[in-house]
Every structure is written in structure tokens, then in C-alpha cells.
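Shared chain: chain A. Partners: chain B in the first complex, chain C in the second.
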Partner chain A sequence: MNVRSQISMVFHLDKCIGCHTCSIACKNIWTDRKGTEYMWWNNVETKPGTGFPTKWEDQEKYRGGWELRDGKLVLKSTSKAKTVTNIFHNPSMPSMDDYYEPWTYKYDELFNAPEGSDQPTARPVSMVTGEYINVESGPNWDDDLGGSRIYAESDPNLKGLSEEQRQQLSAVERLVLFYFPRICNHCLNPSCVASCPSGALYKRGEDGIVLIDQKRCRGWRACVAACPYKKTFYNWSTGKSEKCVLCYPRLETGQAPACFHSCVGRIRYLGVLLYDADRLEEVAKLPDEQLIDGQRSLILDPHDPEVIAAARKNNIHDSVIESAQNSPVYKFVKEWKIALPPHIEYRTLPMLFYVPPMSPVMANRNDDTVSSVSDEFFHDIEQARVPLQFLANLFGAGHQGKLVYALKKQKAVRVYRRAKTVGDIPMKTAEAILREADCTVEEAERIYELTSLCTFEERFVIPPMHREEAIEMMKDPQEHKTAVGFGFMEPPERGL
Partner chain B sequence: MQRFLALLAMSALSLGVALAQETADFYRQNCMSCHTIGGGRMTGPDLKNVTERKDRAWLSRFMMDPKGMMDSGDPYASKILQEARGVQMPALPGMTRARVEALLDLITEESAKEKSAFAGVQLSDRPFTDRDVEVGHNIFVGATSLKNNGPSCISCHTVNGIGGFGGGTLGPDLTTVFERYQGRKALSIWLSAPATPTMQSVFRKEPLESEEILSLVAYFQHTLTRNPEDASTARLNFILIGLAGTLIVLGVFDVVWNKRFRAVRRPLVQERQLESNA
Partner chain C sequence: MFDVGPFLLDTVLFVVFPYVSLVLFLIVSIRRYRSESFTYSSLSSQFLENKHHFWGLVPFHYGIIVVLLGHVVAFLVPREILWWNSHPARLYILEGSAFMAALLSMVGLVSIIIRRITDRKVRMVTSVADWVIFGNFIVQILSGLSVAIFHSWGSSWFASLAVPYLWSLVTLTPDITYVTAMPWMVKLHIVSAYTMIAFAPFTRLVHILVVPNPYLWRKPQVVRWYGIRRKPKGSVAEPGAFADAAN
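The block that comes next holds the complex of A and B.
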């Protein structure tokens, strides 16, 4: 057993209201510099929809992530040999148009317009070229466009849905959408790190945050092609690639990352997981339907004395172990099993988990009026507006088992709380539903509390980062403290 | 004491032999490309009995500073310059007074011989045949390798109408070299001991055989008749072949990277808009 610690995340999609506050918080802190205008380290997508960049989940085109070939785990986009032959032309490189061309408006033209017979307008100009452009797409171009003909209907997760189900998704009385906020998953088996020809990407040993060394990066952009979630971006101004840093400077001072901190719906949870690094490869090679169980088996019980002993042997600090014991992520992922990894079939073992969303209640059609009151207040999840297969493609590698379990448990908790607070459902029925969903009354209470009444401290259990210990390996911490200031001594630049 | 003297005499003798050998080498490397001793004039005059034509003092002044002598208006020096059609003798590095004396000794000694070792290559005077031209062509393009393993001409030179991409461009075009070197004899002698630094360093150890020289000169006489337009045809061919090559390489790239990423968003939107308009 080779115990490591990893800062992991849970996004509770049932609570996301799609306000984009997270995206703006991130943009203001990290990507308001020249060359980063088009980057959204955090973005919120509407599902069904094509996302950012457009149709990023279509790996036939983008060729991100890993695949199993002859029992070996290989990158889809590159290999040792291809790194050489494709270094000056990576055939899997998305262009800026597939993200969007960032723009602003010529406000001068409003204020300095000469008197005329018509309203002055501020025309859009590209933030890359400075030329006038026609705005054709944006980072959330299909925001709230559930059921739209171009975007929602082109969602790659619709694969395997019957024609009837597809048509229902755009029928007025069944229209549905939910939000899918995304940041870097800080994967256990990151394909971006594996693809880098310069060795500039690394996964921080003490907390598993995946970073790009701005001094070693040579801008080959292999990571951009290799990341299946398209969460590494190329900065055209500095000639280096950049990605979500999980606000490590904030974490190191005990604050939650900006997108977590600012989240209006309080959907975000953060905590430490202990995992067994020895079994990583074995798990990443499992067949699709076993991947979720495999990843869960990597996550170790932080209360197990054997795990604690092994963690101490690996120099994991007691305070980190304690933090892991209080981790909300551990509860969602491992204890209650209601949080699922996104697209685990890319085999990068993402460490950001999603609690799948419950669909809005189903509407009934009586003659020509549409009533939103269902016969049954909490209808069966099989009847949900979002087809199960769609969610399974997103969170279950195409297999419904784990997803149905997570949704059933959530529904059971709802029924139980309704029975308890409103009382229009008999407690007996509620308990039967709980049993059916493999949930005890105590567990239901705890899920309810961590979902609805959670405090700041319960949502973000940030371990002491012990940077001094990480620095100690290379340098005297006291000396380091006097040698570093705020950030870089010189800005990242092109070339060596 | 006698022993010592004998030893001294022996070492003096061997030193003398070594010196003579060195002087002969110097002559071969520096003088032979323009002068013969008893072989008739080339670029420079025949040096046979030169010490009888001018006194040693004048000769040594001329050898150490040929340009100075010619510029000074010395009548004999001017006459030499005129005979050489304006080609000045270069000032040679390492031409010390001792070296000059040694060289003059060598020339006097060789002049006395009936057949000097430095009389130049003995070239046949027989008329050129078509066969000579063909052999010369083969030598030029390297189809026949040189007997002493020297590099073939085409590595650095070209002549009109050689076909393909033409020859090398490092050295000068040799189409009209026969004319430029004023005929068969001078060109043959020049080839027997090339005088330019590049040719000298390449061919000093691997000289051309006299048969090879004859064939090459025959070939160069033949190339004089080549149509000068051939050069532009070769250039046009080069450009056309280059363009075709580029297209082929691009085509190969297209096949190799056939599954490359192409735009996603724009085609998606356009395709869907077309569908909904239809």
C-alpha cells in the first residue's frame, strides 16, 4: 500500500443554479491577463448542450484521454514516437474557433460619436487581433438552451438514446436542462502530464494538484490535445500553456478556491482523500463498467488503523490524516456513494465528483393544458425528464447501475424529509423507500444535513498544506521564505 | 675525433638531402602550375637556364616581391607581364632568401639535365576522337572514377547540357573553360597541377593521370559547342520538379494526418442551419 493524499472535490449538481459566479470569480483572479481572455478554467455548461470547447466530449475528434490497446494504457493523441513526428504539427489540436474568439466593444465609438440621425453603437472587436468581428460564439453560447436544435441536439452524451427519447428532449412539455460546472479534475492518472514533451506538467506530491511549470513549458501544447476535459489552455501571448491551479495559494493559506468560496448555490465541497497509488495502473485498465468501483476501491478509509500507519510511513502529516477523516468528499463518494466521476471512461481517474441532478417534476398534459403537478409528488426516477442513459453516459461510462443507485438514494432522502417535515407521506412508506435505496435513517439525516444545512467549515475541510515540508526536500524553509516574494521574479516568456 | 667528424659529415649530408627534398616539394606545390623547366612556357615562362638570362640578384628580388618589381617599371619585369597576358606572379608565402637561393640552385641543377623532372606532364599531341569526349564525359559525371581516387568534377562543377539538376555550383561553370584557358596545352598543364587553393588541396595527393587529362580536355573542347540556352532549361526543370515535389510532400502529409483535428464548431453550426433551412 502506497498511501498518498489528494485534494478532491464534489459538485452537487442538484444545487447548481447556473449563475456563473464561479466562472467570474476565477476569471477575475486568474485569467484576465493578455493571452488568457478565451480561457475559462472554471466554466458552467448547460446540459444537454455542446459545452466549451464545442463538443469537447467527442473524443473521436478531440482524441483526449487514454485508451486500452492490447492490454496497454496508451494516450489517444500521442505516443513517444508521435511526440517526435508530430511535435511541430499536432494533428489533434483544437483551434481558437472551437473555444471562441474573445471580444470586447469599442466603447469609444459610443462616447465620441458625432451628432447624427441614428443611435451610435459600440461594435465588437476581437481581443486577439483588435479587428472588428462578428460574434459567432462564446464560452457559454448555448447557456440555458436546453432542447435547442443546434446545440442540445448535438450533445455527445445523447449516444445510445432512442429516437423517441431524443425528440422528447426538445418537446415543450418535457424540455429540460441542468448545469454542469467544470474545473480541472486534478486526475489521479492525468493524460496531460503524460503527454508533455518538456516534462513541464506535474502532480504535486503532497496534495495531488496538477500544475504546469511556467519555466519548463515550451508551448508544444501536447497537454491541450491530451486532456479529454480540455482544461489545459494555450496562452498565445506568453507562449506557455496554463490550467486551473485549484487556487493553491489560497489553499496554502487555508482558504477555499475562489470558485468554491463564491459559489452561490453552495454546491461545492472540498476535502482530502487518501488513496493507494500502487494500484493506479491496475484500476485504470479495468473494463468500463468496473471503473467506478475500481476508483472507489483506490480511495482508502482514513479511519482504518492500517491505512493510518501506512500514511504515516509515507510522511503524510497527522493533521492531513485528520482532515481526511472529516472530508465531505469521502462521505459523498465512498460512504454514501452518491457522487460519481465525470466520464471515467477517459481513464484519467478524475478526482472531481458530481452528485447527479434530480430532474424537475414531470408535467402532465390534460387536454390542452400542461400541469406541472404529477400524480406522485416525487415521481419515479425512471420517468425523469432527463433520460437515465444520458446521465449514465456522462457519469457512468454508459452504464446505469451506479447512477440509478445514486439517484434512488437522493430521492429516498427527499421522500424521508417530506415525511418528516410535511407529513403528507406516511413515515412507513418513506422508510421502505429508504431501505430500498440502501439507506438508513441516520444516513439520510446526514446526507440531508451536508446537502442543505452545511456550513462553510463542513463544505471545505482544507488540510494544513505543510508547504514547509515540501520545500524542506529541496531547500531550507527559512532561506526559502526570505528568497521568495510575490510570484515570479520575471514573467513567463517565449523561448528558453 | 675522426669518428665525430664522420658523424658530423653524415648528418650534414642527410640535412642537405632533406633540404633538397623540401625544396623540390616546394617547387612542385607552388611553381609547377605555371612554370616548366625545359617544357616550354605555360602561364609563366620556361625556367630552363633562367639564371643565364638574368643575374641571381635580380631574380631573387623578383621572386620575393613580383608585384613590386612589375610596378616599379623594370623593363624586363614588364616584358614578362606582357608575355603572360597580364597574369601577375603571386607573392608566395614562405619565400625567404634562403628558400630563393635553394630554388635557384634547384633550377640551375635541373636546367643542366637533359630531361628535367619538372619538364611538366608529357601530354600526347594526338588529335581528339569522339571516344575521348565520351570518356571525358564519364569522368566528369563520375561514371568512371579517377584512377587516383580524386573526386569527380561534377561534385563541384557543372557544364551546360549535363542533364538532370545540372552539376555542382560550388566551383565555376566549366562550359567555356577550354576557351578561357586558351586552348589545349595550357588547360592540360593546368589540370596536371591545379593552381587554385581549393583544387590544389583536393588534387595534390590524388593527381589526374595524363590519359584522364586528355579525355577531360577533349570533353571541355566539345562542351564549347553546347548551346548556352541549356542552362535556363535546367533551371526551369529544377523549378518544375521542385513544385511537383512540394505537391507530392503535401499530399503525403494529407494522407498521413488524414485523421487530424478539423474544425468542430463552425461545421456543426453550418450543417444544422442548412438542415433547418431545408
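The block that comes next holds the complex of A and C.
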């Protein structure tokens, strides 16, 4: 057992209201610089929809992630040989057209326009060239466009859905959508790291955050192509790639990342998971339907004395182990099994998990129209308005089993709480539904508490990062204290 | 007054200039790597324009690499080149393929320049230094091509006349007897090469020095630890694909 710690995340999609506050918080802190205007390290997508960059889940086009070839785990986009032959032109590299051309408005024209009979307008100008442009796409261009013929119907996750199910998704009376906020998954088997010709990308040993060393990055762009989630971005102005840093400077000072901190719906959870690094390769090679179980088996029980001993042997600080024991992520992923990894079939073992969304309740179909009168209070999840196969393509590598389990448990908790607080459902029925969903009353109460009543400290259990020990490696802490802030003297600008 | 005759000019161009450019190259490229490693790369514009990019960059790079390697090989083993050229058929093969490679790089360069002028986004990331490099390359490749056409057979006389001159520079006993007698087009080719060496460390050309060869033997995953003490003991030899890079 080779125990390592990883900062992991859970997004509770049933609570997401699609307000994009997270995206704005991130943009204001990290990507308001020249060359990064088009980047959204955090973005919120409407599902069904095409996402950002457009149709990023279509790996036939983007060639991201890993695949099993003759029992070997290989990158789809590159290899040692391909790094040599494709170094001058990366054939899997997306271009700005796949994202969008960032723009701003000529606001000064509102004030400087000559007096006339027309209302002055602020015309859009490109943030790359400064020229007037016609805005034709944007980072959330299909926001709320569930059911649209152009966007929602092009969602790669519709694969395997029947014609009837597809039509249902776009029929005006029945169309349904949910939100899908995304950041870097800080994967256990990151394809971006494995693809970097310069070795500039790395995973931090102590907390698993995946970063790009800006001084070692030579701009070969392999990571952009290799990340199946398209969460590494190329800065066209500095010629370097950049990605979500999980706000590590905030984490190191005990603060939640900006997108987590600002989340209005309080959908985000953050905590430490202990995992067994010895079994990573073995798990990443499992068949699709076993990947979720495999990843769960990597995650170790932080209360197990054997795990604690092995963690201590690996120099994991007691405070980090304690943090892992209080981790909300551990509860959602491992104990309750209601949080699932996105697209685990890409085999990067993402460490951001999603609680799948329940479809709208209190609605029933009546002669092709939706009526709010229902004979059953909470309809069966099989009749969910978002087809299960669609969610399974997103969160179950195409297999419904784990997804149905997670949804059933969520529904059972709702029924149970309804029985308890309103009382129009008999407690006997509620308990039967709980049993059927593999959930006890105590567990239901704890799921309810962590979902609905959770405080800031319960949602974000941030371990002490012990950066002071890193400094002790190099020099005297007192000496360092007088010199902090002077590590990177040059501005991120290019010379000639 | 100074005698600015052809002899002094030749000394300046073929003795002083190569040493100056080489020293400049070494000092500036090392200094820049140490103090401005952030800028040590080319500035790829593939992200801004992805289609035309292929038709310029790929022929140019493959062409120029073949031509450059040809010069280096002839510099290292001139006797073998002369032996190879002793047979007309082999000479034609060598000269023909070298010429094709140079032509390929020229076609690629023209394509690159057209792309830099016509694409409005790529224009934004094109600097004055880029244009100097383009100009330098045009002079370099065109002079090389015309030398190949008008002063045959270059591969043979390069091995027998130019290589001794270059070696005389390397051994710090400069001897420009052969060079002074060469046609002006050949001289232009040589001086243009020195110019490029002198200018390279200031420009995007430094990307040649950081070609990512370690990728060919490193393990796929990279993990960095704070320091040696915190790195797990006993698991330093990582299983399978997962490697720990040193700090």
C-alpha cells in the first residue's frame, strides 16, 4: 500500500442553479490577463448541450484521454514517436474557433458619439485583434438552450438514446435541462501530465493538485490536445499553457478555492481522500463497467488503523489524516456512493465527483402535456425526464447501474424527509423505500444534513498544507520570511 | 588611414564575425536560459489558425532540418562525402535530395510568411524579430539554392574547400585563403549563416535548444514533492508508469 493524499471535490448537481457566479469569481482572479480572455478554468454548461469548447466530449474529434490498446494504456492524441513527428504541427490541437474569439465593447463610443438622432451603441471588438467583429459564439453560448435543435441535439451524450427519448428531450412541453459546472478534475492518472514533452506538468505529491510549471513549459501544446475534459488552455500571448490551479495559494492559507467559496447554491464540497497509488495503473486498465468500482477501491478508509499506519509511513501528516476522516467527499463518494466521476471511460481517474441531478418533480405526463397533478408524490426515477441513459453516458461510462443506485438513494432520502416533516407519506412506506435504496435512517439523516444544512466548515474541510515544511527544506524559515514574494521576478512577457 | 581593401573586409567577415557571433550565441543563450527561462520557447500560433499552419510549418521544418544535418555531416566527415560523390550517380542523388529539401523549406517559408501577413489573428503575435528571422532565412535559403544551381557541385567543394576553412575556425587557426576566392553568392551564404547564429539567442529560434528529447525516455506521470524528506520512503521506485521526478 502506497498511501497518498489528494484534495478532491464533489459538485451536487441537484443544487446547481446555473448562475455562473463560480465562473466569474475564477475569471476575476485568474484569467483576466492578455491571452487568457477566452479561458474559463471554471465554466457552467447546460446539459443537454454542446459545452465549452464546442462538443468537447466528442473524442473522435478531440482525441483526448487514454485508451486501452492491446492491454496497454496509451494516450489517444500522442505517443513518444508521435511527439517527434508531430512536434511542428499538432493534429489534435483545437483552435480558437472551437472555443470562441473573446470580445469586449467599445464603451467609449457611448460617450464620444456625435450628437444625432440615433442612440449611440457600443460595438463589439475582438480582444485578440482589436477590430470590430460579429459575435458568433461565446463560452456559454448554449446557456439554457436545452431542447434546441442546434445545440442540445448535438450533445455527444445522446449516444445510445432511442429516437423517442431524443424527441422527448426537444419537445417544447417536456424539454428539460440541468447545469454541469466544470473545473479541472485533478485526475489521478492525468493525460495532460503524461503528454507534456517538456515535463512541465506535474502532480503535487502532497495534495495531488495538477499544475503547469510556467518556466518549463515550452508551448508544445500537447496537454491541450491530451486533456479529454479540455481543461488545459493555450495562452496565445505568452505561448504557454495554463490550467485551473485549484486556487492553491488560497488552499495553502486555509481558504476555499474562489469558485467554491462563491458558490451561491452551495453545491460544492472539498476534502482530502487517501488513495493507494500502487494500484493506479491496474485500475486505469479495468473494463469500462468496472472503472467506477475500481476507482472507489483505490480510495482508502481513513479510519482504518492499517491505512493510518501506512499513511504515516509515507510522511502524511497526522493533521492531513484527521482532515481525511472529516472529508465530505469521502462520505459522498465512498460511504454513500451517490457521487460519480464524469466520463471515467477517459481513464484519467478524475477526482471531481458529481451527485447526479434529480429531474423536476411534481409533474406527470397527461395526453402529451405535462401536468403538475401527480398520483405519486415522487415519481419513479425510471420515468425521469432526463433519460437515464443520458446521465449514464455522462457519469457511468454508459452503464446505468451506479447511476440508478445514486438516484434511488437520493429519492429515498427525499421520501423519508417528506414523511418525517410533512407526514403525508406513511413512515412505513418511506422506510421501505430507504431499504430498497440500500440506505438506513441514520444515513438518510446524514445525507440530508450534508446536503441541506451544511455549514461552510462542513462543506470545505481544507487540510493544513504544511508549506512551512517545504521552506525548511531549502532554508531557515526566518530568512525566508524576509524574502517571500520575490521568487519570480520577470513579468510574464516575451522578449523579441 | 585604414586600408579598407577586400582583404580586411574578408578578415572581418570570415574571421572576426564568426567568432563574435558564436560568442554572442553562447553567452546570450545561456544567460537567457538562466534568467529568463519563461521566454525560452517559440510562440506557437497554431491555436489562432489551425489549417494553413500545417502547410507552412511542416515542410519548412522537415526541409531545413535535412539541409542543416547535411551541412553538419559534411563538416564532420568530408572524406566520406568526397568518396560518395566519386560516382556520378551517387553525386546526383545527394545533390538532388539536398536541393529538394532546400526547396521544400523555401516553399514552407513562403507559406509561413503568407500566413503571417494574411491571417488577422496571427498578425497580432508576429513581432519585428520574426520578420528579421524571415528575411534572414530568405537570404539564407535563396543563396543556398542559387549556389547549388550556379556553382556545382556544392557538396564536393564544400567538403574539400569550405570544411577546411570551418575547421580552421574551430581550431583557432583561421585560414581564409579558400574563402576569399569564392564567388560572392557563396560568401553571402556564409555571412548570412553567421548573422543567424548571432541573432538566434535573442529570438524565438531558441526553441531549437529546448527540443523535448527527455520525453523519449521519461515515465509518463510526473510527481513533484516539497523536498526529499517528505517524499515517501520505500516507495521511491514507483510501480509501473508512475515516476517521481526530482525536485
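The criterion applied here is as follows: the second predicted complex is superposed on the first by the 465 of 496 C-alpha atoms of A that agree within 3 Å, B and C clash if a C-alpha of one lies under 4 Å from a C-alpha of the other, contacts with A are read in each partner's own complex, and residues count from 1 in each chain.
The working rule: contacts are C-beta pairs under 8 Å (C-beta built on N, C-alpha and C of every residue); 3 or more make two chains touch, one makes a residue touch a chain.
Computed from a prediction, not measured in an experiment: that's the story for all the values here.
S.K.: State whether A:E206 touches chain B only (first), chain C only (second), both chains, or neither.
M.R.: So A:E206 only meets chain C here.
S.K.: Of the two partner chains, chain B (first) and chain C (second), which one does A:S137 touch, if any: first, second, both, or neither?
M.R.: After superposition on chain A, A:S137 lies in contact with chain B alone.
S.K.: Is A:H89 contacted by the first partner chain B, the second partner chain C, both or neither?
M.R.: It touches chain B and chain C both.
S.K.: State whether A:D97 touches chain B only (first), chain C only (second), both chains, or neither.
M.R.: Once the two structures are laid over each other on A, A:D97 reaches both partners.
S.K.: Now for A:T50: first (chain B), second (chain C), both, or neither, which partner does it touch?
M.R.: first
S.K.: Just checking: does A:D318 make contact with chain B only, chain C only, both, or neither of them? Give me first, second, both or neither.
M.R.: neither
S.K.: Of the two partners chain B and chain C, indicate the one touching more residues belonging to chain A.
M.R.: With both complexes superposed on chain A, more residues of chain A are touched by C.
S.K.: Do chain B and chain C land on any of the same chain A residues, and which?
M.R.: Shared contact residues on chain A (touching chain B in one complex, chain C in the other): 89, 91, 93-95, 97.
S.K.: Enumerate the contact residues on chain A facing chain C in the complex.
M.R.: The contact residues of chain A facing chain C are 2, 4, 73, 80, 83-84, 87-91, 93-97, 101, 128-129, 131, 189-190, 193-194, 196-199, 201-206, 214-221, 224, 234, 236-240, 277-278, 280-281, 313-315, 466-467, 469-470, 472-474, 490, 492-496.
S.K.: Over in the complex, which chain A residues touch chain B? Could you list them?
M.R.: Residues 50, 53-55, 58, 61-63, 89, 91-95, 97-98, 136-137, 149-150, 153-154, 225.
S.K.: Along chain C, where are the residues that touch chain A in the complex?
M.R.: Answer in residue numbers: 32, 35-50, 53-54, 57-58, 60-62, 120-121, 123-125, 127-129, 202-204, 207, 210-212, 214-216, 218, 220-235, 238-242, 244-245.
S.K.: Note which residues of chain B are touching chain A in the complex, please.
M.R.: These residues of chain B touch chain A: 257, 259-266, 268-269, 272-273, 276.
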